[in-house]
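Below is one structure, written out as structure tokens; the observations come after it.
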Amino acid sequence: MSRIGVFVCHCGENIGRTVDAAEVARASGNLPGVAHATDYKYMCSDPGQALIKQAVAEKKLDGVVVAACSPHMHEKTFRRATAGAGVNPFLCEMANIREHCSWIHENRPAATAKAIDITRSIVEKLKRNAPLEPIRIPVERRALVIGGGIAGIQAALDIADGGREVVLVEKGPSIGGHMSQLSETFPTLDCSQCILTPRMVEVYQHPRIKLLAYSEVEAVEGYIGNFNVTIRRKARGLDETKCNGCGQCQASCPQKKIPSEFDAGLGKRTAIYVPFPQAVPNIPVIDSGHCARWKGIVKGLKKFACGKCIEACGRGAITFDLEDKIVTEKVGAVVVATGFQLYEIGRDHEADGLKGYGEYGYGRIPDVIDGLQFERLASASGPTAGKLQRPSDGKEPRTIVFLQCVGSRDPAKGIEYCSKICCMYVAKHTMLYRHKVHDGRAVVFYMDIRAGGKGYEEFVRRAIEEDGAEYVRGRVSRLERDGDVVRVQGFDTLSGEPVTIDADLVVLATAMRSQPGIEALAQKLSVSYDRHGFINEAHPKLRPVETNTAGIYVAGACQAPRDIPDSVAMASAAASKVLGLFSNAELEREPNVARVDEATCAGCFHCRRVCAYGAVERKEIRDKKGNLVKVVASVNRGVCQGCGTCQATCPGKSVELEGFTDPQIYAAINAFQG
Amino acid sequence: MSEATTSTETTAGTFEPRIQAFVCNWCTYTGADLAGTSRIPMAPNVRIIRLPCTGRIDTLFILKAFERGADGVIVSGCHPNDCHYAAGNFHARRRFAVFRELIDFLGLDPDRITFSWVSASEGKKWSEIVNDTTERIRRMGPFSAYRGLAGRTP
Amino acid sequence: MSGPASTRRSTLAAEIRQRTGLNPARCYQCGKCSAGCPMAQETRLRPHDILRLVQRGRRDRLFADDSIWLCLTCETCSARCPNEVGPARIIDALRELALESGEGEPPRAIRAFHESFLKQIRRHGRIFEFGMIAGFKLRSGKLFADVAKMPATMKRGKLALSPRRIAGVDDVRRIFDACSAAARKEVQP
Amino acid sequence: MRLGYFPGCSLHATARECEESLRAIAAPLGVELVELDDWACCGATSAHATNHLLSVALPARTLALAEQQGFDTVLAPCAACYARLASARHELARDRSALERVAAILERPFTNAVKVVSIAELLRDLTPRIREQARRPLGGARVAAYYGCLLVRPTEVSGFDDAEQPSSMETVITAAGGTPVEWRRKVDCCGAGFSLSRTGSVIRLGRAILEDAKKAGAEAIAVGCPMCHSNLDLRQKAMSRTMPEPLGLPILYLSQVVGLGLGLEPSSLGLGRHFVGTGRFVEKATAPPAPAAKSDEPRKEVA
Amino acid sequence: MKELQDLAAKLLAEKTVGLVIGWEQGPRGARPAFVADPKDAGRLIFDNRCVHNLAAYLSPRRPHLRGFGRIAVAVKGCDVRAVAGLVRESQLKREDVVLLGVRCGGVHDEPTDAGPLTAENLADRCVGCEVREPPRCDHVLGELPPAPPSRDGRRAGRIAELDALDHAARFAFWRQELSRCVRCNACRQVCPLCTCERCLADKTDPPWIESSPHTRANFAWHATRALHLAGRCVDCGECERACPAGIPLNLIGRKVAAVVERRFGYRTTDDPQVPAPIGAWKPDDGQEFIR
């Protein structure tokens, strides 16, 4: 570059007051390679920009330096002007002589000298700039949604309704997630299934949603707009196309005593089963752990003890085909909505670094249950058909004690965060209970009530004021079984008295945790997660549903404890992000990405280790005969975000970050200090 | 280059150090912008080079700056967990930690370099970094010991 | 943060933290400690009250009555504390502090017990139980309590009557002196 | 196995039966107990309620002695001594400067390398050996295992068993042929620290424990702590004063239970030294097995 | 020694490998040996003069050894760390080499030294050796010799002395030492972990490291080399041994290794699966030097 134009802005008085802009222009004009230098009152104004265009045309300039404000302010403006003049926009640079000079100095000669320095350094850097073209990436306008709970359902429906295809992958046999297990929902007490099941059916019937239930994401490759997803379709043991969901197989299965996951262990199910009557898809699965025939096949037996379901099926759908199938899907965006699990507070959580609560006897005392189990007891579709009966003897509990913050806000047991939903659902539980057992006693041990949300505080107050829930501020020290009651040993910190209550049933509001296996999924997706396994959002305020990997979004309780309204809101937000991405067939990105010099790359892959985005790939270099010469690093321009950590790490400096190359930085240092 | 301010140039006989800053685009550069917008006066001795991320800041830059005449260097970027690129500053932190102790061992005073985290909202902190570094380097004097190594060994 | 805010912070909490490495500010007053405390029904201040008063720097109320001296150090509070505050150790530290600064005193009986106990160790290196009980009774004034049990205890061969001094008793005395010197030093600023 | 043996003050006095039974079962279990030379008191509650440094330095002296005398493990059968020794060890292992400070006070070499075990931990680890050597099914006697505070708390110091639902003593009782009972107060505090100074509290706390054990059907309580023992044994009469009849619950050391299971003579186990008579229990435990039971066959582990 | 020779002959004869790299008697002490013919296997030796870290020959920068197919290389326990480094950084496939581990009880400073090892003549890196039994080798040969004589590490002592000086004094020391560097690049050539295809120092655009061998350029060169080896240097000391100017380069490597260990809890290991510390991070890495 030998014909650079330097344009020095006065910014009215903003620069001109302490920096002699004319002197900066004069000094810059003397620099080798500078063919034109001038100053002007307002470079960013239309006449100012016209000045650049005119000079480029008249002086045949091949590069532009605007000495003015911060590039954060007007770099786009001046690059557009430069492009308008027919010069590659990346051959325009800004020298920041306002924020970094005129505004912070009083001494005019010193400020002017500094402005000259800054401008000179940028001129020298610009000499090493290369013309760059924006990166264009084709976008596959289909989305993958992982997780079929309420967040996944909402995201899938919003994207599909927006006109784009969706692949919805659910790990379990049915979509619906935790919400399908709930009895009523706060703060309106509307029936959970009544609002959820129509949405589930909508998913099933939507022409643009491909539902892959009982499936898991195996691998994800590629980058924004271009993901290749491998999905394992787990064997249900039957031919889904033949099954019409009549339920005969289920009725015929002799294994009837298996604890039902859907009923949180309080109900029973068969070995071939549909998890609940409204399941979507309404197709059974065979539980390999409990089906005698399945176990026989795995063992290689020739004769089988059981074949009842095969006989019962009128359509010959039950095949006992045990092979998982692998399918691949090409998508342009991914929404992660894998939800949560409850902290099971028995003792054996060493592997997770959680200690469990020996003092609460969960798992030993049958009448100590968790919140989800209470939901099933209270639910009309539950094992007791909505009659409140405690597990030990089926008696209707006359006194129920609810403990909040079990597992949550308890660093000693491994979790310091607040699970957010417990205050609300415990209040709901007290109401449900009091509505069913009018003279029953509902006591809540709490630490703080966190009822921030529309109608939430009012809801809790209603539980206390109208429905007679007794709230005691204090944590419970220990639960003991004494005869047929559970003795609750607590303390009322407000009255300063020990409180001992003999309860018929104790309900623990256990913490929300991320799903097991989320770390492995996150690694497949190259998204980051916190130490509790919750997926990290790209920015807690400004990019709440994006992840640090472009094209991958997050919704619902896999990001942090969330209630239903929050999860749905996030899901819709993620869907709108996806639809925004899909609004063009191509994606345009700034070209400031890394580039590997394959001739000198030694293939040590230090760059690959430091890349937070998985943008560095292995590339085989072969000679003409096809023999492998070496393996080198190669940057995927679609994935690279341009941080340049790879370049600083590369010992042989075989990577260059466009726009901030070593020769550019070297020139800038030299110009400052040389 | 006649216009260049050099460290031998003096104001009223005092030594004016030349300080090279390498800062990340998202936090410190923006923080320095904020210092400007807030009109916080500071010493005019620092020259900023903008990089996308502290992860991009090579220790070679620092050595080169000293070699070409800088008396001090400022390296600054986003606070931990605030990196625009997720982890660039964490990688940089390890790199600088080793570099600092290494040059210390080689007899180069690591106080010639200020490492700092300055967020986009810490315009005031940036001005303090600039002023404190300038004052410190002024007290330490020109870094001719290193620059001058290119001549004959005494 | 600097300025007045930091100087206003309870120096008692800071002192406890420095002694024990435990941070009283971690207590969020959930009361689980008090719910499980075997002595809660006998003390005016329960563990969570004590923590609160430490946070507020209320030495006056902490040292005004018996509460801190009635802790059995059974550690139930610490074992169940959700926030790893460690009330038992903090109460220990408060007792040390009270003794060192003279701001608080254990109830006579408890002090008498500790004094005779430690005196025995200092004198003989070990506890010689008959002597200890005798010393305790003189110090506490509970002259006749438990006297009925003495003959039965002796009959069962359970009270060693003749004190035997260990060889390294000088060792033990030096340890005592060094530790109480260190304690005295800590009271001074 | 050769262990440094730290009897503590009580095993030479009020807890003689603990020492006697320990020594009696040591040989059949293949354990050599070597009493530490010139040990001093651990300082107990009194030191750590009044001077933290002292409460670390006194046990540290014992640990240093053990180190010098060539032991890698020290047995502290008294739970209170165990807690003091283990706490000191734990604290000094975490804090290098405290270790240096204490070593300076001791004026002897000290690297804090010796492990401390309690009676419950030791016997739990010897369970296979106990099962192998057991000669008597104890007549199916129902025993409540009582841990109290110091065997399981503070968790980070002891850590050999769960703090809320410990099981090591039950394992030992089962191996010795007894039947552990399920009860609620096994980790509650009996208040023994105030045994002399605040008897009223102690009686209240002890009574709750005894009552619960009785209610759960226990015929005896096994303990691992001389303080708990003297409290529940010596003061049992006072504790049952308000009850219609005396509780009559013998309080045995875990080592005594094991001794009975091994078929040792009750007199060699110090069973005559108790305040609450052990006669009925011993009688049941030593009765010849009913003809149907084949006592020679190895019993199945129940726990 | 017979065991080594026989095994080498067998591996060559069976064509398991095309080349065996070991040590042989040269005109001036032990030297690296390259045996392609089973008949020459008798040349191979191993004794306490075999100081060379032969893993350097496995680096892909030695294309002249490429045509031999699989290579067997004799390694001491400490040399295995360098092999692990090459595998870790994709410079070598473990299955492409047969490691002949030789049990070693310490070596001399120089291959020309002879006689029994004493506390005086023992190479510094052998002090407190923990890998007399070579780990992760395909064959392990020889009897386990006694531990090398014990003494304090000289370099550790020297580093402590330097650390105790002020900046000016340390600077004077290194200025003196580094002024002798003629940039012959022997250090780089002999280093098993200097695996760049084109060294940064040879790059001219931009010339980050000044090419003329004056002291300032030498500072930049050796500092940068040490940084690039941070968490990778296997402390074989070959750079210092190869240096014709006798610059104590190993002091720099050791110092950096100590920093890396103190800060990141990492020590160069013979397990290729364990990732190196530079290129990794922890949220709570020390940052006491950052304002």
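Every chain is named by a letter (A, B, C, D and E) in the order it is written, and numbering of its residues begins at 1.
As a working rule, a residue touches a chain if its C-beta (ideal position, glycine included) is under 8 Å from a C-beta of that chain, and two chains touch if they have at least 3 such contacts.
The structure displayed is predicted, hence computed values, not measured ones.
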| item | value |
| --- | --- |
| Steps needed, at minimum, to go from chain B to chain C via contacts | 2 |
| Set of chains whose contacts include both chain D and chain C | A |
| A-C compared against A-B, more contacting pairs | A-B |
| Central chain (distance from its CA mean to the mean of all protein CA atoms) | A |
| Chain whose average C-alpha position is farthest from chain C's own | E |
| Distance between the centres, which are taken as Cα means, of chain D and chain A, whole angstrom | 53 |
| Centre-to-centre distance between chain E and chain D (centres being mean Cα positions), rounded to whole Å | 57 |
| Mean-CA-position distance for chain D and chain B (Å) | 65 |
| Distance between chain centroids, defined by C-alpha means - chain C, chain E (Å) | 59 |
| Chain C, residues touching no fewer than two other chains | 76 |
| Per-residue multi-chain contacts in chain E, two or more chains | 200, 208, 278-280 |
| Residue numbers of chain A (touch at least two other chains) | 359, 478, 610, 649, 662, 665-666 |
| Which pairs of chains touch, using the document's own definition | A-B, A-C, A-D, A-E, B-E, C-D |
| Chain B - residues contacting chain A, complex | 1, 3-5, 11, 18, 20, 29-30, 32-37, 39-42, 44, 47-53, 55-58, 61, 64-65, 68-70, 84-88, 91-92, 95, 127 |
| In the complex, chain D residues that touch chain C | 9-10, 12-16, 38-41, 43-54, 57-58, 61, 105-107, 148-150, 152-155, 163-164, 187-189, 191, 193-194, 196-199, 201, 205, 234, 272-275 |
| Partner chain C, residues of chain A touching it in the complex | 359, 405, 409-413, 447, 473-478, 489-493, 496, 498-499 |
| Partner chain B, residues of chain E touching it in the complex | 159, 162-163, 167-176, 179, 200, 208-210, 214-217, 219-220, 222-224, 226-227, 230, 252, 255-256, 259-260, 263-264, 277-283, 285-287, 289-291 |
| Interface residues, chain A side, partner chain E - complex | 599-606, 609-610, 630-631, 649, 651-654, 662-663, 665-667 |
